[in-house]
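So the structure is just underneath, and the comments pick up after that.
Just so it is clear, A, B and C label the chains in written order, and each chain counts residues from 1 on its own.
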Amino acid sequence: MSQPGTTSISLNDLAQAIGVKLYGQGNISITGVNNLEGAKPGDLAYLAHHRFLEQAKQSQVSALLVSKPYDELTIPQLISDNPQFDFIQLSNRFFPIPLPSRGVAQAISKGENVRIGSDVSIGPFVTLGHRNTIGDRVTIYPGVCLGNDVSIGEDSIVYPHVAILDRCEIGARVVIHAGTVIGSDGFGYIQHKGVNHKVPHRGNVRIEDDVEIGANVTIDRATFGCTLIKRGTKIDNLVQIAHNVTIGDNSIVVAQVGIAGSTTIGQQVMIGGKAGLVDHLTVGDHARIAAGASVLRNVEKGTTVGGGIPALPAEAALKRQILIDRLPEIRQELTELEKRVQAIEGKPRKTKTRKTKIS
Amino acid sequence: MSQPGTTSISLNDLAQAIGVKLYGQGNISITGVNNLEGAKPGDLAYLAHHRFLEQAKQSQVSALLVSKPYDELTIPQLISDNPQFDFIQLSNRFFPIPLPSRGVAQAISKGENVRIGSDVSIGPFVTLGHRNTIGDRVTIYPGVCLGNDVSIGEDSIVYPHVAILDRCEIGARVVIHAGTVIGSDGFGYIQHKGVNHKVPHRGNVRIEDDVEIGANVTIDRATFGCTLIKRGTKIDNLVQIAHNVTIGDNSIVVAQVGIAGSTTIGQQVMIGGKAGLVDHLTVGDHARIAAGASVLRNVEKGTTVGGGIPALPAEAALKRQILIDRLPEIRQELTELEKRVQAIEGKPRKTKTRKTKIS
Amino acid sequence: MSQPGTTSISLNDLAQAIGVKLYGQGNISITGVNNLEGAKPGDLAYLAHHRFLEQAKQSQVSALLVSKPYDELTIPQLISDNPQFDFIQLSNRFFPIPLPSRGVAQAISKGENVRIGSDVSIGPFVTLGHRNTIGDRVTIYPGVCLGNDVSIGEDSIVYPHVAILDRCEIGARVVIHAGTVIGSDGFGYIQHKGVNHKVPHRGNVRIEDDVEIGANVTIDRATFGCTLIKRGTKIDNLVQIAHNVTIGDNSIVVAQVGIAGSTTIGQQVMIGGKAGLVDHLTVGDHARIAAGASVLRNVEKGTTVGGGIPALPAEAALKRQILIDRLPEIRQELTELEKRVQAIEGKPRKTKTRKTKIS
C-alpha cells in the first residue's frame, strides 16, 4: 500500500522529526509505511507487541518503531514510548494519503452568497445551497449536497453523497464518510384522533472540530436548539443519532449504535457496537458501554456497563451471565435435592408434571 | 430558530385560527415558534406539563399554549385541549419551514414521457426515468434518482440522494429523508449445488399517502406483488423492510428496526428501536413491541411485547427479567437448603465440585 | 409483474430449454412468470409445496413447475427436481428484467486513463476517477461515484448513489445495490493524552465474482492489505463490514449484521439478521449463526450458533432459553422445597425477606 518511489526520507530524519532515539543504522531510505505482513523493502512498520517479533524477523520491512531495542532484529529501530502513535504521526506527515486535486469542478450547482476559502477541492455534481461557507483547504467529494446556510470549517473532508441539510454547522478538520446524512428531521409525532402529526424540526446539527463520522450514519436535527457532537468524538458506520442528542468530547461510538432523542453522553465515553440507548438518558464522562448493550437507565460517570438486556454494570452483568449459563446445573441440583427430601420424608409423593426437564 | 421579522401575526388571530380561548392580552405580535429554553421575545411556545412552569417563568417567550390558565404566568396564554398538537398546527400554518424555491433545475436528466405537475421543485443532478409522474407541488431535492415508471403523489417531499427504483409508487404528502432506497431487490436465493442463485424480484414497493420515511432506510421490492407501507405510517432512520412486508395504517417504526420478508404488521402498531422481526410473522393491530425485542412468533392484536430474547408479552418478559436479575438469590437459597437437608440426613455427603459459586 | 405481450414462448420450448419432462399439453404460449397469487393467463409459476395445491387450483396461472405431476391440476406441468431453481433459470433466460439502455450518458465526469469496455451503460451524474477500468456490459446507474484506480469486472451492476472509493476492486457479475459504500476508512484510533488519533487506512476492499451486496451497506477498507468478500457471497441491506474482515465463498449475511475488524468468516456460512460479531474472531466453514446472536468467541466449522447473549451452540442456546423461560417454575419449586424441609426440621424458622416472589 506504500507508494515506493514517490517519497524518500532517511531514517535519521524520521527519528529527528518525532524526537525519538535511533537504534542501528540511520542512513537508509524509507519510502513508505506498512504493516509487518505486507511490508516491502523501504517500508517502515511498528511492532505492536513482542509476540510479533518472529513475524518481524520474517518481514521484508526496512525499519521498525519499537518500544525498546531488540538485539534479535538486524534492521534499524526507532525507540518510541508509543510506537503505534508515532507510526501514525510519521505516516501522516511524510507519507500522506493524497487528497483529490484542488479546484472546483465545473459541474456543480451553487446558490447565492456562497463563500469558498482558498485551496478548496469540490468534485462534480456537488450542490452548494445559499449562504454556504466553505473553509480553506476543505475537500468535498462528488455528489455531496449541502443545504442552505451550511458552514464547513477548514481542512474538513466530506466524502461522496453526504447530505448536510439546512443550517447545520460543521467544524474544522471534520471527516464525514460517504452516504452520511446530517440534519434529517427528528422522529417526533403527536397522536391526535389516531393520526400521527409531525412535530416540526427547526433546530440544527452542530459538529465540532476534529470529529470523524463514518459511512451511512444518520444524525437528526434538533426539534429546537441543536443536536451536538463535541470536539474529537469519533463515530463509526451506520450509527443513528436522534434529535437533541449531545455527545461530549473525544468519545467513541462504534458501528450500528442507536442513541434515542435528547440523550446526553459525556466526554471520553466508549459505546460498543450495536448498543442501544433509550431517550432522555444521561451517560457520565468516561463511562464504557459494552457492545450490544440495551441501556435503559442513566449510566454514572466512569461506570462500565456490560452486555445483556437490560444493560447492567459490568460486574453484575457478568454474574448474571454466568448464572444464566449455569441454569442447567441449578435445575439439576434442585431435582436431586427434591429426591433427597422425599427420601427423608419416607413416603412416595405425587410427582408433579415436570415441564422443566430438558436434558 | 424562529425567523423574527419574516412573519408577524397577532395572538388574537392565532387563537381564532385554531378556535381556542385566549387568557390575557391578545393584541401582541407573534413572530415565531420555539421551545421554552430557546424562546426569544415574539415567540410562541407550549407548556407540555406543569412541571415546566418554573422554566416558563424564566423564559423570554411571549405567549404560551397551555392546557389550563396559569395565573402565575404574566404572559398571555392560549387554552387548548392538546397544547402540543395545536402548537404543531400553528407552527405549520403560520411559521412554516420554507421549502426550496419552485422550478426545475437545468442540470437534471429526464427520460421520455415524464409528466411533471404544477409548482414542482426539482433540484440539480436529479435523474427522472422514463414514464415518471410527478404530482403538483412535489419537492425533489438534489441528487435524487427515480427509475422508470415511478410515480410520486402531490405535495410529497423527497430529500437528497433518495433512490426510488423502477415501478415503485409513492403517494401524496409522503416525506422521504435523505439517502433512503426504495425498491432494491429483496434478499432471496435458492441454493443449488452449493451455489446461491438469485431469486428475481419483479414486484415493487407502494408507499401510501401521508407516510414519512427516515434517512438511509431500505425498503426492498417484492418478489412478485408489492411491499406495502400503508397510509400515515411513520418510519425512522436506518430501518430495514424486506420484500413483501406489509405495514398497516398509522403505525410507528423506530430507528434501526429490521422486518424480515413477508411479515405483515397491522395498523397503529408501535415497534421500538432496534427490534427485529423474523419472516412470515403476523403482528396484530395496536400491538406494541419494545425496543430491542427479537420477535420470533406472531403477536396478537393489542398485545404489548417486552424486550429480551425471544420477545414475550410484556408481563411475562418483566417476570422473566426480574427472575434473571435475582438468580444470585436463587443460587444462594438452593445452596443453603442443601446444607439443611444434609444436616437432617445427618451424614457427611461427598460435596460435588460446585462450578456455580461466583460471588 | 409479468409483461404480457413482450415475450411469448411455447411451454414445449421451455421444457426443452431446461431438460425437464412435460406433463400435459405443451403447445401453449407462456408470456410471463409470476407467483400463484398474482398470476394471469399466460404466466408460468411454480409450486413450492403441495400445501399450495389448493391455491394453484384457484390461480389463473397457465403452467406450473412442480416436483411431481398432479392429476388434480388441469393445467400443464413441468416436472423438475428443483422447481424453484428451474423457475429462476427460466425467468432469467426468457423473461429477463430489462437493464437500462446501453451507452454512456453525456453528463458524467471522467478522470484520466479510464478504460470502458463494450456495451456498457453509464447513467447521468456518474463520476469515474482516474485510471478506472470498467468491464464489458457493466451497468452503472445514475449518481454512482468511483474513486481513482477502481476496477469493475464484466456484467456487474452498480445501482444509484453507490460509492466505490480509491483502489477498490470489484469482480465480474457483482451486484451492488443503491447507497452502498465500499472503501470508507476503517474505524481505528490510537489514544494519546486523552485524544483519539486516526489510524490511516491504506488498504482497499476486494469484492470477488458473483457477490451481491444490498442497499446502504458499508464495507470499510483495510488498514493495510485488503477487506475481502469472496466469490458468490450474498450480503443483505444495512450490513456493516469493518476493516480487514474476510468472508469466504458463497456465504449469506442477512440484513443489519455487523462484523467487527479483522474477523474471518469461512465459506458457506449463514449469518442471521442483526447478528453481531466482535473483532478478530474466526468463524469456520458451514457455520450457521442465528438472527440476533452476539458472537463473542470463535465458532467452529459446521457449528450452529443460537440466539441470546452471548451466542452459544444452538442446542445449548435452546436449553438456556427454555430454562430462562421456566425460571418461575424453578423459583416455585425451590420455595415449596424449603417449606418441606422446614416441616421436617419441625421448628419454625425465621423467614428471610423474600425479594424474589413476583407472581
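The working rule: a residue touches a chain if its C-beta (ideal position, glycine included) is under 8 Å from a C-beta of that chain, and two chains touch if they have at least 3 such contacts.
Everything numeric here is computed off the predicted structure, so don't read it as measured data.
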Could you name all chains that are in contact with subunit B and with subunit C at the same time? A
Shared interface numbers for subunit A and subunit C above half of all numbers used, same, or below, different? different
Please state the rotation angle, between 0 and 180 degrees and to the nearest 5, that superposes the Cα atoms of subunit A on subunit B. 120
Distance between the centres, which are taken as Cα means, of subunit C and subunit A, whole angstrom: 25
Using the touch rule from the top of the page, what residues of subunit C touch 2 or more other chains? 107, 125, 143, 161, 179, 216, 238, 256, 274, 309, 324, 327, 330, 334, 337, 341, 344
In the complex of these two chains, what residues of subunit A are touching subunit B? 107, 109, 125, 127, 143, 145, 161, 163, 165, 179-181, 184-185, 187, 189-190, 192, 194-200, 202-204, 216-218, 220, 223-225, 238, 240, 242, 256, 258, 260, 274, 276, 278, 294, 309-310, 319-320, 322-324, 326-327, 329-330, 333-334, 337, 340-341, 344
Using the touch definition from the top, list the residues of subunit B that touch subunit A in their complex. 1-2, 33-35, 37-38, 82, 84-85, 88-89, 91-92, 97, 105, 107, 123-125, 141-143, 159-161, 175, 177-179, 212, 214-216, 232, 234, 236-238, 250, 252, 254-256, 268, 273-274, 291-292, 307-309, 321, 324-325, 327-328, 330-331, 334, 337-338, 341, 344-345, 355-356, 358-359
